[in-house]
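Listed below are the structures to be examined.
Both complexes shown next keep chain A, but they swap its partner, so chain B is in the first and chain C is in the second.
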Partner chain A sequence: MAPFLDYIQFVLAPQMITGLSLGVAVVLVALGLTIIFGLLDVINMAHGEFYAMGAYLALALGAAGVNFWLLLVLVPLIMVPIGYVVERGLIQRVFNSPDRHVTTLLLTFGLGLVVEEGLKIVFGPNTQRPPTPISGAVEVLGVLLPNYRLFLIVVGVAIVAAVALVVNKTRYGAIVRAAAYDRNMAASLGVPVSRVFALTFAFGVALAALAGVLLAPIYSVFPTMGRDFIFLAFTVVIVGGMGSIMGAVIAGLVITQIQALASLIVSPVWGDPIVFSVMVLVLVMRPQGLFGRLGHA
Partner chain B sequence: MRDPSTVLVRPVQDRLTLAMRASHVLVAIFVALALAFAAIGVAIDDTFYLRLATEALIFSGLALSVDILLGYTGLLSLGQALYFGLGAYVSALVLQRVPSFWAAMAAALVACVIVGALAGLIVYRVRGVYFALVTFGLAQVAAKAVYNTRELGASDGLIGIPVVPVDLGFGTVQSNAPAGFFLITLGVIVVLYLAVAYLFETPFGRVLIALRANERRVPFLGYSPRAARLAAYVLAAVVAGLSGALYPMLRGFVSPELLFFSTSGNAIITVVTGGVGTLAGALYGGVILTVLKSVIGSWTPHHLVVIGLLFMAAVIFLPKGLMGLVRPWIERLLRRTAR
Partner chain C sequence: MTKTASVLTGLLAGTALAVSVHAASAADPIKIGVVTPLSGTYTPIGQQVRWGLELATKEVNAAGGVMGRQIELIFEDEEANPSVAVQKAEKLFEVQKVDFLTGTVNSGSTLAVGQTAERAKKLIATTVSFADSITTDKCSPNVFRVNARAGQQSTALAAWVAKQKPKAKVFFLGPDYEMGRSTVATFKKTIEGLGATSVGEVFAPLDSKDYTQYFGQLRQARPEVLYTSVAGNDTVRLLTQMQDFGLAKNLIVVGASGTVTSQNISAIGSAANGFATGSGYSTQIDTPENKKFVEAFKAANKADPDLYGADSYGLIYFFKAAVEKAQSTDTDKLRKAMEGLEWMTPQGKKTMRGGDHQAVQPMYVVQVNDGKFNIVGQVGGDEAIGPDECTRF
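The block that comes next holds the complex of A and B.
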């Protein structure tokens, strides 16, 4: 019995907790992605680059002496106007083209390319790592957990809960859901639909940037950081159901747990193939994903 | 009263046939320019530009395969590099054992048909956004697998692919002869173009175009959308794979980068700037992108910023790409001469 308990305490539990902090990170990135898709019907291929922008902004402002806690508020606020302008200036231009999915996907793909290269020009191609704002570690259930990861999990849960509350319980959320459900009807009831679209896009972008600020101390900062993360985030969004907040949360946590536990058995390099197999299985059995779309519940 | 049979006998000049003829004209111009380029290359004894142009042609073949899916079926593949890389690796493995051009091409063809059909069984269920992301995921997994397999050279790839003699029946060309191999590549790409163009003129091709226009109506006309989508996917896989098979002959190595997303992404940029749904656009796009990269790359290492901006401008302002500017003009010319 003792070796079994040791296995749980020293192998399984640390792995699962590391998986949980990755899971919260992925959910944060996927949250903005799924909201943008749920409302605008737009696949934001540049989402990973907005995440990277958030991390770089945190890095630059942090180096300029701005407090980490202030960054958590400041960086998303800086990104809101950027997201607003991107939606108004680029996405609206092709929003009514016959094949919206493909056209917006191509456009945001191009945008991602430009942003990524722009980050390389401004900050250089090298990996940088901001200092961890909270040092030390605590013991949870006999597992040594860095304080910052614990903080990340708590803050992540709080952010997701706050977003879900805003979308589902407030008047603003109702406006967003109405616009997602029936754009024309919402417009005729006086909802300023195009402004709602732009603001929601900006909100999704701000969420990505916030994830960037939070994750930079753990996963380091480099120009292609968004590209590496976005595959996982997209998988989470697909499995959970495009446009579902609940789906993104559950799929994000489950998939990262599968990945974490699988890496105990097989080499971690096979993490991506395993995640992909999960996505394919879900798509084959339930093409719309596990949960319904935002506003279509 | 008009005899209905005369209507049937008269060669039907519909919009799609006319558009395809205009593409043929554009490709004929392309081939003429390429031959002139090769002649100049031989005359001034150039190697660098001929080999660069050969590489551009090879990537045009990959772009052609993206256009089969995007331009004709309305499916955006974010992972066409999977088949390009598959063709390249299979070709390299064969060439290391048997230095035969035809054996390498045949092996790449067979491999792409098999893998394309197997992957197609997953992919043909989905469309739209899901198609894009599943193809992206497939390529990502394949790239990771190759990158971590020591037998395939892992991150280094396979190096030291021998020079291969290409037996054409009437003579032999060595794959390291710049002009000779440029012409071979041009020949392969043109054959691929003609084969695809021919298939699109058959009822199969019309079903694909119908799928793009309105998928829900296709079953009511007695066609299976899924079967057509699967066929288009395998066709695109073969075109990408045969183009990729030429790569190790030109460069003498293959690397996992061929499977990476940037390769797929470049092919998409090529097609969109060249002109989606024109086939000829893929060929011109490949050359334009290569020229842009070399020219801008000589000023700044960050040429992707400029290319990305041009690409975004093309998506917004030129939904039909450069061919969308030129082809209607040729169509008008053709219609006038047909009368």
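The block that comes next holds the complex of A and C.
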């Protein structure tokens, strides 16, 4: 019995809890992605680079003496106008082309490359890391958990709940969903559709940057960090159902748990193949993902 | 008259030319080709190689050169690419007629250029490449290595660990590719030979996001020592996440020489404290030779020398000693002079082992404390060298 308890305490429980904290991180990154996809029908390949920009902004402002708690508000606010300009200046130009998916995908992919190289020029190629804002650790049932990871889980849940509330329960959310569902109808009812789209994009970008601020102390900051979570985040968005917040949350948590537990049995190198197999299976059995699209429910 | 005069002048000129050609061969510079990465990822290493070689060459030339001849360095960019290195080496041997060649960084380049040197019947030396194979199973009569190989680093580190924690329980964590697996295998063999037991090993994919997923296995194994050979940003994540999870307590963390470097040490911050690795050089070596070298290097290049700079500096003195012993730059005489040669370097006296062309040198264990590498242990050259496994010559 003792080795079994030992296994639960030292291996299984910590594995599931650290898996959960990774899951929350993935959901945070996927959240902006799924909103931009679900509402705007734009595949934003530059999402990872917006996440990186958030982390670098936090690093630079933090070094200039700005408090971490202020950064959580300030960095997303700075990114809103940037996202707005990107949508109006770049994405709007190709938005109405017949192959919107291909053109927006190529456009944002190129944008991502430019941002990544820009970060390399401005901040240098070496890894940097802001200090962890909350230090220390607590023991929960014999499992040691850093306070900052606990904080991240709590804040992550709060952010997801707040975003879901805004999109599904508020008047603004209703306007956005209406514009996404039928833009002509919404426009004829007086909704300023193109501004709504630009603001929605900016909102998604701000969420990516917020994830960057929150995750930088754990995963460190470097120019190519944008690629880090992007495949996992895309997988989560596809499995969860493109554009579904609920789907992204459930898919994010389930997939990271599968990965965490699988790495106990097989070599961790198999983590990514397992995740992508899940994605392929879902695409074969249920191409629209586990949950429907936002605004189309 | 004019005709006779011109014939006479011609004759005179001819004699003068003959005399000058004869005189030139003694005063002609000795040419050393340097094939080293001057562009690409390995540029910082190539930079150190260049600085070290240039500094020593300047000193030797100012003191009268080698047997009265000045040394001339001819640089070529190898781009850390073995096929480019071979082309550049061929050019240096055939067109520039260099007497000796050095500078290769990538172990693959060193092995490939070694074959080129065999065909050209010239000698080369590496001052950087770590791969054990260069002086073991893939050794060449035309290749010398003046720097310490991976096995020497590993032996020094293992000896230090065994002293800190006799019969330690050791856990291994390496990146899942050739370098990671071979470094772990080497260290495991060495430390088990000193009485330690292995309690587990994990190979993580390169660029792993979260090392916490391996912490469960690490905890369950209850090791006293962790050996890792991850590098770059992976080290940043591994060590800081271990610190966050309180895993670093009561655990000696050691690793490969590329695990914590000047490039990632500031991002790791205090989580790097206590990390130890084996190395062939440290600026802190407390000898008059090293102090003089560090000072001259800083004055010339406005930067600290590292391992590569120091070993490249030492190479010029190795070459000088060998040529003076052989009284020639002829390949066979030079090879004979180099085998068993003892010479002074910033690290102290080195000996070139005749059987496998591997330099024997004292090894150091350096430990990180607040962003600096401090020497915490030293292992004698004979202890760290290991057996001669070269069978080709």
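As a convention for this text, the second predicted complex is superposed on the first by the 297 of 297 C-alpha atoms of A that agree within 3 Å, B and C clash if a C-alpha of one lies under 4 Å from a C-alpha of the other, contacts with A are read in each partner's own complex, and residues count from 1 in each chain.
The rule we apply is simple: a residue touches a chain if its C-beta (ideal position, glycine included) is under 8 Å from a C-beta of that chain, and two chains touch if they have at least 3 such contacts.
As the structure is a computational prediction, the values presented were derived from the model and not from experiment.
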Looking at the superposed three-chain arrangement on chain A, would you call chain B and chain C a clash or a fit? fit
With the two complexes superposed on chain A, say which partner A:L111 touches: chain B (first), chain C (second), both, or neither. first
Could you say whether A:I43 touches chain B, chain C, both of them, or neither, answering first, second, both or neither? first
Is A:T18 contacted by the first partner chain B, the second partner chain C, both or neither? second
Quick one: is A:H101 in contact with chain B, with chain C, with both, or with neither? Answer first, second, both or neither. first
Looking at A:P192, would you say it contacts chain B, chain C, both, or neither? Reply first, second, both or neither. neither
Which partner chains sit in contact with A:P81 here, chain B, chain C, both or neither? Use first/second/both/neither. neither
Taking the superposition as given, does A:D272 touch the first partner, chain B, the second, chain C, both, or neither? both
Minimum C-alpha separation between chain B and chain C after superposing on chain A, in Å: 5
Just to be sure I follow: which residues of chain A are touched by chain B in one complex and then by chain C in the other one? 267, 269, 272
So in the complex, which bits of chain A are touching chain B? 37, 43, 90, 93-94, 97, 99, 101-103, 105-107, 109-111, 113-114, 116-118, 120-121, 227, 231, 234-235, 238, 242, 267, 269-270, 272-273, 276, 279-280, 283-284, 287
Using the touch definition up top, name the residues of chain C that touch chain A in the complex. 176, 202-205, 207-210, 212-217, 219-220, 232-233, 236-237, 240-241, 244-246, 263-264, 266-269
Residue numbers of chain A touching chain C in their complex, please. 6-7, 10-12, 14-15, 18-19, 21-22, 126-129, 131-132, 137, 144-146, 148-149, 218-220, 222, 228-229, 259-260, 263-264, 267-269, 271-272
Of chain B, residues touching chain A in the complex: 70, 74, 76, 122, 125-126, 128-130, 132-134, 136-138, 140-141, 144-145, 148, 261, 265, 268-269, 272, 302, 304-305, 307-309, 311-312, 315-316, 319
